[in-house]
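Given below, in the form of structure tokens, are the structures.
In the two complexes that follow, subunit A is the common piece, with subunit B as its partner first and subunit C second.
Moving on to the complex of A and B:
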């Protein structure tokens, strides 16, 4: 009876959480062939019900990675709050290989203490046990923290569940004009926050390496201009105001410079801008289109798109010497390059038989791979742990965000409720 | 007669128009008649009239007879013959009655967004270059690219894409 009551409350909470938080909802279309079966037991609430269901968030996080298949809660035989309440046979019969359990306690000062653990079911041993503190408004942070710890303990790779996404939406307004919005959300699409709204286009959001600021292109002045904006207080500053293109800003890994595109000299060229000296330095000199710069993780090179060879291809420029070499040779359209944190895996927009897909190329072996099979794919952005990338695609005539693992095994959509969503930018580790 | 001569002659005519325009506060420089300026063009170019110019200012399409949108092929900024024909008409009128215009370049949704920004600009620039070669003063022409951000047609099909690969001429 008591259990049923708790379960009902949980359902209501979930419905409320989905309605009020998740503007984007996750839909997994393809996962690993043999995902690890994991049970995330509901957090045992010792004194008072929490406003968020931590375990459901953890379970969804792990499922979204494509590497795990969570056990359905209604099949669970017990809900252990701590190690002493874990009966391994309850989990063995469900086929669970791992178990996440925990409890929460509201402290006298209003804070919430959450103890959680990760157990290996067959070996009957606890692999991880930790305590975290938070407040009512940081329960999702606690959940993502638990997901990160569990993911790292089981894969050896740092989790990205606590990171954020920036993206642009456009929705037709009653006036018939488009309303463009720059948004930031949690990595799972929840807690969406409005950064900027405009009736003129917004484009090309990119993160500062400390994850505290965004740069983007706004047409609010009637022409494209680059702005930077702090997430904490929304304060913003215009960085460029040149005639022609002011676009494709990319923050250098050391945070001191931007790579960007200006066409003030007549055609699009790559520049760097030094935040301290305020100086612009021209990096390319070519009559063709040079655009979409992105830094290598060591900050020594810039990769960019150029059609100097007759079709858009990816080039690499040594910042110190200016020496430039072509990197892609497969097909006649490769653009919008981004590098994974390993500095070796290049991802890009690639045209393949008339369709635009996301492809990857290993810069050492030159192995080339088309990762996506959706249509009109663009704007790949690699997660800071290099395991996945987000991109935008078209589905049912609407722009939606989608994700694919770097090995192409895991795929999912983050469909939007309203309008077009595009240009995802995955934050660094926060 | 070379383009250069035509252009120089045109520039003189243009300057006087500009002065005339600036003098609306009441200074009488007596150059208003210079605004018709047909004699500056040379024989190779047909001229419009000042009256047409007045109408042009309000309606770039000249009552719907002149296209104000010019279309392009995929990943191309080459002007099509029909665009050249319409642009000749615009050039003629802009020479005789210069006004500030804005060329807005656009691309279809395929491919990457910033590359499409560059492509939109390249298209608008090729329209500008054409107009300048026809003797229009480049100072009157502003170029801006919207890339794929402002589609004219919202579909994801060849018909919509063809409508979106365009340059629009507008009054600034």
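Moving on to the complex of A and C:
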């Protein structure tokens, strides 16, 4: 009886399914991936002008992602402060698919309250509405927060506008010597902040997984040494002081260890350093050079560069067993590996016909792809959302930072700085 | 020896006593033989002769032959009526007696005459009655004949009417039959034509369906390319994601409604598909198509978004 009922239900479902299939179905398998047109209406300032133009920051954030094309403010027909002031027709004629609107109010205690919303113009509905509070000095944070929310709502990916970048600049000083600076900035390059200045080279900055500290290599002692430094108070601490090479530190995902390169035993090898026990553990034993270690997101493996196969290639080392396997086989130069947060997309510096490009390889499908068209690319660093990566390259004889989306669809340069900019490191989510 | 014994028998016959006995025996045997041959029917013949003939007795009822012998009877009686001459004494007595006898005779005669008269009257009456009867009979016969004739006529008429009716009925039946036959034929013809029309219609339909399929295909391609060129996938889009939208089209191919029927699980991906359709807004070329096909196939369409050109 039960069986029969089940069968009947099955039949009905089948009939329903078949019936519903009678409708014409069109299948879309490709797209143009044109930027989405979005209008970011100026934040309506209810009392007093804000020191920062939030909507301009939001607009720039979204545009920089490569996925959005903001509507020019001068073309806007109205500046709605809230939902009731939105006339969808005004935005439809501009070709905007989405509208970001909002208002700000300075509260009695000096804080600033910002209300914002995201509306779908063609569907004529508000998708998102939030209120955030801040101070004069956190208006950029509010702007990036809005950008993150809009980006996430429309792309399905967490935004990285509130993350930070660390990088090293080198500027020739008046004395003729170079001045090296370790800098930290917002993801959009704004609010640059000096962490360390040295006349000796600074190299290989890397973020702690909580985003509160940096590790880097400094030659300030006359030879390379690894330091860790807090962002909050700029306090620092030397981690290694071995003879020979001390380089390429990488913080483990659990924050307890560092992977690094030491040549204290005569040949550059991969080690781990335990912050708690203070112990160093040698991970590789090979007569060739093993360098540039980086943790897999699960913390179980370390990927690194080695020329043990005759040319620099990327290998993967199982931390527990020490088992090592080669990962890259394309070309005769693949180095400086970094893994995207998905643990699947490997990015690296790939030499192709004498030029160095950033390339990616899907570790599951082994799909290999050169992402950049610039020539002297180095030091790729993947954004914590995995959608984009930063790298340094040469432009007009100058070292600059550039970004490319992980699908190579979006490419842009970060604002030019004084001097050379190198070795960018994208912070984790903060 | 044999001859001897054969010859001995005639010798015996020659004996005189034996000769008589032999004759007697022959007679007796002959009589017996005759008796046996003819048979024995003793008293039956007598009984048959005595049997009375009852059938003949019935004939006594027939009376008419009585009239003829009754008439001549009184005439010979009346003729020898001489006037009696009275004799003296004896004469007178004889005369009186004669007179008496004559009177008696006269009375008798009278009686006889009356009787005869009555008889005659009776006969006459009988005759009349008979005549009347015959007449009545004849009348009756005539009437019967007439009635019969009438009846026959009536019958004939009726039969005629009946025949006519039958004829009419048959005619009608024939007509009805013919009519039905005609109707049948017409219906058959109609059916045949309908079948033909149906077949033609089917063929038309098929051809139309083919044409429609071709048309549908063309416009589906058009819509697909238009949607695809307006589809910006979010970076979170991955191969294998699928979202099914149902779009409603109003007049002139204007998108009136878009809704997600089957989500990909990624709201941004779903949204991108929805936006692709909304950005198109109007599939203007659908105005060129057969309105019937448009109504039937394009007012509500499912659109499946399944990127296969993505790297991941």
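Just so it is clear, the second predicted complex is superposed on the first by the 396 of 430 C-alpha atoms of A that agree within 3 Å, B and C clash if a C-alpha of one lies under 4 Å from a C-alpha of the other, contacts with A are read in each partner's own complex, and residues count from 1 in each chain.
The working rule: a contact is a pair of C-beta atoms (placed from the backbone, for glycine too) under 8 Å apart; a residue touches a chain by one contact, two chains touch by 3 or more.
Being a predicted model, the structure only gives us computed values, none of them experimental.
Looking at A:312, would you say it contacts subunit B, subunit C, both, or neither? Reply first, second, both or neither.
first
Just checking: does A:27 make contact with subunit B only, subunit C only, both, or neither of them? Give me first, second, both or neither.
second
According to the stated criteria, A:97 is in contact with first (subunit B), second (subunit C), both, or neither; which is it?
In the superposition, A:97 touches subunit C alone.
Going by the contact rule set out at the top, does A:156 touch subunit B (first), subunit C (second), both, or neither?
second
Looking at the overlay, what does A:324 touch: subunit B (first), subunit C (second), both, or neither?
neither
Please identify the positions on subunit A that touch both subunit B and subunit C, taking each partner from its own complex.
none
Spell out the part of subunit A that touches subunit C in their complex, as residue ranges.
Interface residues on the subunit A side: 23-36, 67, 97, 120, 122-123, 152-157, 345, 362, 367, 369, 387, 405-407.
Touching subunit B in the complex: which residues of subunit A?
Residues 178, 201, 203-204, 219, 222-224, 244-245, 247-248, 261, 263, 267-268, 289, 291-292, 305, 311-312, 333, 335-336, 349, 351, 356, 375-376, 378-379, 394, 397, 422-423 of subunit A touch subunit B in their complex.
Provide the residue numbers of subunit B that touch subunit A in the complex, in ascending order.
That would be residues 75, 109-115, 117-119, 121-122, 125, 143-147, 149-150, 154-156 of subunit B.
Using the touch definition from the top, list the residues of subunit C that touch subunit A in their complex.
Residues in contact with subunit A: 216, 220, 223-224, 227-237, 244, 246, 258, 266-269, 271-276, 278-279, 281, 297-298, 300-312.
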